[in-house]
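A short worksheet on the structure shown next.
As written, the chain order gives the labels A, B, C and D, with residue 1 at the start of each chain.
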Amino acid sequence: MSDLTGLSLPGIPDRLFIRGDVPMTKEEIRVITLSKARLEPGMVVWDVGSGTGSISVEAARMTPGGKVYAVERSPEGCRLTSENCTRFSVDNVEVVAGSAPEALVRLPRPHRVFVGGTGGNMKAILEEIKVKLMPGGRLVINAVTLETITSALNFLKDGWETEIVQVSISKSQLMGASRLMKAYNPVFIIAAWGWS
Amino acid sequence: MSDLTGLSLPGIPDRLFIRGDVPMTKEEIRVITLSKARLEPGMVVWDVGSGTGSISVEAARMTPGGKVYAVERSPEGCRLTSENCTRFSVDNVEVVAGSAPEALVRLPRPHRVFVGGTGGNMKAILEEIKVKLMPGGRLVINAVTLETITSALNFLKDGWETEIVQVSISKSQLMGASRLMKAYNPVFIIAAWGWS
Amino acid sequence: MSDLTGLSLPGIPDRLFIRGDVPMTKEEIRVITLSKARLEPGMVVWDVGSGTGSISVEAARMTPGGKVYAVERSPEGCRLTSENCTRFSVDNVEVVAGSAPEALVRLPRPHRVFVGGTGGNMKAILEEIKVKLMPGGRLVINAVTLETITSALNFLKDGWETEIVQVSISKSQLMGASRLMKAYNPVFIIAAWGWS
Amino acid sequence: MSDLTGLSLPGIPDRLFIRGDVPMTKEEIRVITLSKARLEPGMVVWDVGSGTGSISVEAARMTPGGKVYAVERSPEGCRLTSENCTRFSVDNVEVVAGSAPEALVRLPRPHRVFVGGTGGNMKAILEEIKVKLMPGGRLVINAVTLETITSALNFLKDGWETEIVQVSISKSQLMGASRLMKAYNPVFIIAAWGWS
């Protein structure tokens, strides 16, 4: 995989990941999401709803000496996350098969938490995260449905500091001899911290 | 078709049109595009690349006593444009089967011109429009490819006044129990006038 | 005002309205908002938070024989709404000075309701609208703050049908010899109906 | 500056930079722009139109053992770039006061080039970059005006491979008791490589 040379910085191109039918955080969204987490070496990170594992892989590379727990309920997502860790030679990710919030209960307390796909349990998941997040910790939620956006905003009303960014991306794609600007669905990236 | 009652104003819902595999100007883009043309009763209108005919149908309803020439090279597009005129009881649209710019040569001079899909002949089409557009006329281009955008902007450099708007739309769509905000491709709506 | 000739269709250019420091619904957003209301002649329309009156003026022109109640709590907004009605020769708008929901109580039941600026009373305003909206009526909310979006979505959970569109516009603006694409703030346009 | 601790990864918050009236690449745009460059240690980087120096500072931190040439014609931009290098303890940036393309002529050949503000000389600047870019090099252009977009796309027609992304960001901002989603102007991020 010579085309991976030098890709130690965030922003691994989407096409380098092994993908199934599982939704994937696009590279442009991923680099913003990762930057909002303010990752540091040695940190414990939860990636709730890891999907293909693209966030887990990049977060693991950005936290040497740390550990990323990739929580994913679909067997295909678990398999893809593992395969992508192997593909990018990442050895500090532990795939946790199971549904959140139940699967979160036995994990070590995190410094950073990413929340992506949640299967509709957002409120319960955020309650568990609130209990476990380390002092000074940060939570970054990627929301693409109205339900996730409103659940997250309703939950974060009291006692959290937040920064909310909506990102809309379109990317050139050949269509005959022309390049169509193809839109990706907009993502709300909600960073939260300061809860105590 | 009782659900059409009262829909004499622009913004006919997309789902009410008969559609094939032909691309369609979405209703939110369509109402902006139509408003930029400043249509008036009795006008001659060209709709170059009419597709399903959604712009032609609405323009025809907004120009009583006028005439809309729907120029379309694909047989399916011609058929859909005709069927949608029937569906919405519009009788002032003439479907012109053929490729622009050739198909434009024999048409009456227009007060207003819409340009949508152009099959890559943008420059020649705009040259023909420049020759034929009536004094005080307006041209409205919907561009979704980089090639159309740059051709249009390069062409409109000299002697035209322009207003350029980019519109990005996303619309709620049920995905399980959640509503995904699904993005449509962004459209540049380029209005031009004042050439003489 | 010869430049108004023929502007009987929606999409009056922003620059033609008399404006103060009051926020204004931009013309591209306005035409979409109006189209979602499916206005018809003779209807009773509420415009809650009329601001400069741009929605009221256009809605009034689109509902001949009907009546638009422009509810606005700021004296400057009331004055601008009145001045713009005069400017566009609209005589079926009544400016209602006062805060919603109190100011809504004594108004005739509406067929259509627009909600724009609400000063934070969204929930109480929507409760009043739910009580008064005529059977078969439609409600169209323009939301630019997270608070308005979440209040509206929380309120509309039960028993309403909704269509939610987010619109992002950028418009060319001269900056030296170049044209900057200047962004307007994104607007959620929430159409709701079917409550009974 | 204890709040800088740990910020060795890209995405330094905008508010940490010293800013004047000079336009600045917002952090969300910046992390995408940087990721598209595929920076590696030891590289020579040009930042043409460095503005506040935010791209130069981050690129310098991402290319240890390399060198970033921050080319900027405004005295205030030069001063801000220097001050921000000091603020973030970056010592591998050289500020080059002068206008491109003239100021580029005497610089070492680059592995990577960022092009931001260009003062309208885009074509001449790109010609110079084409001559000097090292084999295997990458060029990343941030374009916010129609003139820059069309110049760049016209120039890159022949012999380059490109990836073009448009990014629209809005960010929450307190407005009274509500949070407005405030839009930033959309940016085209054009990555080009493979020219030989």
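Quick note on the criterion: a contact is a pair of C-beta atoms (placed from the backbone, for glycine too) under 8 Å apart; a residue touches a chain by one contact, two chains touch by 3 or more.
Small disclaimer: the values here were computed from a predicted structure and weren't measured.
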Comparison of C-D and A-C by number of C-beta pairs in contact, larger one: C-D
Interface residue identity across copies chain B, chain D - same or different by half: same
Chain A and chain D, separation of their C-alpha mean positions in angstrom: 26
Whole-Å gap separating chain A and chain C, where each centre is the average of the chain's CA atoms: 38
Chain C residues counted as touching two or more neighbouring chains: 146, 164, 166, 168, 170, 172, 179, 181, 186
Touch list for chain D against partner chain B, complex: 146, 149-150, 153-154, 164, 166, 168, 186
Chain C-facing residues of chain B, complex: 6-7, 9-11, 27-28, 31-32, 34-36, 38-40, 62, 162-172, 179, 181
Contact set on chain C toward chain D in their complex: 120, 144-148, 168, 170, 172, 175-186
